[in-house]
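The two complexes that follow have chain A in common; it is paired with chain B in the first and with chain C in the second.
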Partner chain A sequence: MYGFEALTFNIHGGYLEAIVRGHRSGLLTASDYNNLCQCETLDDIKMHLSATEYGPYLQNEPSPLHTTTVVEKCTLKLVDEYKHMLCQATEPLSTFLEYITYGYMIDNVVLIVTGTLHERDVQELLEKCHPLGMFDSIATLAVAQNMRELYRLVLVDTPLAPYFSECITSEDLDDMNIEIMRNTLYKAYLEDFYNFCQKLGGATAEIMSDLLAFEADRRAVNITINSIGTELTRDDRRKLYSNFGLLYPYGHEELAISEDIDQVRAVMEKYPPYQSIFAKISYGESQMLDKAFYEEEVKRLCLAFEQQFHYAVFFAYMRLREQEIRNLMWISECVAQNQKSRIHDSVVFIF
Partner chain B sequence: MSSSWSRALTQVSPYTFASIGIAISIGVSVLGAAWGIYITGSSLIGAAIKAPRITSKNLISVIFCEAVAIYGVIVAIILQTKLESVPSSKIYDPESLRAGYAIFASGIIVGFANLMCGLCVGIIGSSCALSDAQNSSLFVKILVIEIFGSALGLFGVIVGIIMSSQATWPAKTA
Partner chain C sequence: MEDDDRCSSNNPGGIEQEEEDEDGTVLRFLDSLDSYLTLLDALSSTLRQGWFELASARHSMGSSCISSVLLDQKVRSAATTFQVGKSIDGSPSESHPSFAISKWASSRDGKCSFGEMEVSHVQKTSKNSELRHRGSSNFYDTTEEHDLRINASSTIGDGDVQKERSKSLSVFGTLVSPKLRAAQVSFETALDAIVEIANIRSSMLCAFTQLQQEMKEKGLG
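== the complex of A and B ==
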């Protein structure tokens, strides 16, 4: 019952909510980022990070440090925290936490299938997979030749099985098909997650609806922009948009027929929340769009912490950590390649 | 000749009402206190992992919840001293009925006021623990809210005792 969650939430979720809020206080702040942006080498970065919560994870790394090592260890910290929370959780929080990882699973599946198509070694690909999206039979993906086999051999036993009904074809896998498969799977996953949150009701449903609607809309815009000028037909493009969100259904109709970025901008400016995003980037420039979307997403995620007694704080925390890891990766790459002038292009401050 | 429904009320012994009132006063107060304590306690334990300094100060929230149960015990003890025996010819006198109803109402007042008070203090205590873990200057400010919340239980106790003080049973003389 909305408004009375405070009475019973703490029975099962109180301890974990307090833990996740404790983790949130360990996110890097603007002053940490300022220190990191002024580092000259990766060893300086390691030294600064040792003073933060990442200390225990990085201190045993030998110098010379690689950027991939930094990112890997930071991701390891996130995975450890997630696993700790997952094993303490009861229903329905445990299902909610598992839903958060399905996105990573989809990315891993697509990574392995694409890599196999380009004749890469399976072991090398497995090392690049995101640890939160691993499942047992993932290595068998390299054997599949088309989508039907993909489903029958591997994916039918995973949680992704129900998302496959819309995209099974008998065509062989190629780059275009794989991208369409990724977006179809993700669409089904977002809709499933949205319905699950609606069933949970209360504050969780309200806050997650907002966060997932933003995600769906952002993906719709990205799909549109990326498919301008490719052979993806308008109907196919239309089929990749999710069935919820601010843009559904009228915005989707207009986005499906857009042929360049200015038309996309014209569509999005009709919606006040997205108008402010598009106002930040001037005409003809789409590189900053990603950063503008990330900034808006971070703002909404931080707002999820304002309310107590709901599950969206877990989702928000995972996403904020992901953003932090992206920031660290960008900073490390800029420092390693001596391009410090471009550091502020893509770092999104969380607090 | 009273109808069957009013007989249901006036023919129930006033001792029944009084005893139920005493039971509610202690039982429901303890329910409120326990509810409040677990709401605060679970958040406090989780938050104290990252910020161990909050544990000793935030036990105040638990103490406020506990006070609610103590109010219930005190009022139950006071109420049970008001129970007196009357000769069986006088059990259904208006005086006796009034005394029985007064003790019953007193019990309900105290029980439910303490239930709500315990819940209120518990929820605020949970938010207090989580806020204190992030920013220690917030603790005292949220404590003021808790103090106002715990006053609710006191209101219930005061009114309950006033109600029960006028529970006089008829005199024993024939």
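== the complex of A and C ==
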């Protein structure tokens, strides 16, 4: 049930909603992607991007360009836009914007811990961290030997602290424990974000519920497919699924016992919103599943801009920019590897 | 000259035998060269496929999950070892170096590894193959069929091999995308191809050396 957001939203959120809608109009269009797909070298890509909003970020990069450089510079643009919006935001929008970055924080924590386990240099690891997920004491993560120390020494003072209650053990960190920690943290984060949006109410709650439920369901499918043939038990797999979403709880029970992609398909086809996704891929094949999920996500994110006076536009914009950066990374890789015929395997057009 | 004529007329079988041996050497050389070029094509396409699958995996899992900074720098025993030996084709003077790999060596306990069986079967296939078309990877299409048959008969090693594969991928996490596993298989196939190329090259150079020697002797005689 919506309140009278139209009367009061613009007092605190009007400027930033206008800013984010302006940023949205700067997203690359189908004609931009068609030009990029015809490039022969990464320098051609740089030349085409110089006419877009990415121009100032790439213009000073020396040749020969590398695909990781393209991704880094495009990410810097997203970070600058986010930081501008965050410093202008008031409560509760500022908390909402901070929630968007907790996923990156989790990825950075896992990167540092895994790299330290593999005896890599901390500075090298810090350079690879996502800028949106940085926090002050991140370098201290390298000192921890188990999750209890990880929490006690570093994470207790970060926004991730409440998510650790489910996975604190004294077991030493190893590859399996780190993977379970990553997924448990992300599960707790999604549930917390979902509850926060419900408390906000109105259009924000309605639209964000749909977007976060889709995210939770997609994660459940990916966890299932990636864990097929591994040592992860059915119970452990079930524990990694979020406690909300369209698949909760009966779909999760069936996914937990699935042993191949066709069984996953049989579970998902019982849910009408996901029938169209699995209709695009053939039996026994999972290569195009990622693209099908991204296309569905982009469709839902674009629909968020059809309504005004809610915070979901900020979330939608961040995710659409991430998709755009993924597209640019893919196009760059295909051009660099001379695989231009495969470019359309994974590019998802936004407009 | 008359002595030569008398020799040739007295020993026509010996000359024919020499010519047959020479033809055999030429055929062996040409056969090795054909296999070598075919395998080079197959290697190139397999590596291309592997790099593409790695890019797909990075696109699916994210750049932070698949990155060179996650590679393990701890010292550990190698999962795959490489052996150099001597192979003898025919007479002892025709020996040449031969190469073999033992994949997933840590899974073995005194029994033949899955990797060794696979490479030896590939070697037999390369010797018995009919005419092939270059520029396609149908050599390894055939090998995949053999792999399936080996898979069916070597179920003892399968679970161990899968475990070793998962272990080597665990640097990127335990729940990795199927695309990353596909990339691993492609690079493994490429490694087999490289060893096979080394063996065929060795055999080809040996045949070429013999051919040169025979032509030299004929020229002096």
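By definition in this document, the second predicted complex is superposed on the first by the 349 of 351 C-alpha atoms of A that agree within 3 Å, B and C clash if a C-alpha of one lies under 4 Å from a C-alpha of the other, contacts with A are read in each partner's own complex, and residues count from 1 in each chain.
In the analysis below, a contact is a pair of C-beta atoms (placed from the backbone, for glycine too) under 8 Å apart; a residue touches a chain by one contact, two chains touch by 3 or more.
Computed from a predicted model, the values in this text were never measured in an experiment.
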{"item": "Chain C versus chain B on the shared chain A, clash or fit after superposition", "value": "fit"}
{"item": "Partner with the higher number of touched chain A residues, chain C or chain B", "value": "C"}
{"item": "Angular separation of chain B and chain C about chain A, which is computed from CA centres of the superposed model and rounded to the nearest 10 °", "value": "160"}
{"item": "Which of chain B and chain C A:I19 touches, first, second, both or neither", "value": "first"}
{"item": "Chain B versus chain C as contact partner of A:P272, first or second or both or neither", "value": "neither"}
{"item": "Which superposed partner A:H118 touches (first chain B, second chain C, both, neither)", "value": "second"}
{"item": "First (chain B), second (chain C), both or neither touched by A:P162", "value": "neither"}
{"item": "Chain B versus chain C as contact partner of A:A6, first or second or both or neither", "value": "first"}
{"item": "Which superposed partner A:P62 touches (first chain B, second chain C, both, neither)", "value": "neither"}
{"item": "Touching partner for A:S227 - first (chain B), second (chain C), both, neither", "value": "second"}
{"item": "Nearest Cα pair across chain B and chain C, whole Å", "value": "31"}
{"item": "Residue ranges of chain C touching chain A (in the complex, touch as defined)", "value": "48, 51-52, 55-56, 58-60, 62-65, 67, 69-74, 162, 166, 170-171, 173-179"}
{"item": "Interface residues, chain B side, partner chain A - complex", "value": "35, 38-39, 42-47, 49-51, 119, 123, 126-127, 129-130, 133-134"}
{"item": "In the complex, chain A residues that touch chain C", "value": "68, 71, 107-108, 111, 114-115, 118-120, 124-125, 128-130, 175-176, 178-179, 182-183, 222-223, 225-227, 229-232, 286-287, 290, 326, 329-330, 333-334, 337, 339, 342, 345-346"}
{"item": "Chain A residues within the chain B interface of the complex", "value": "6-7, 10-11, 14-19, 21-23, 25-26, 308"}
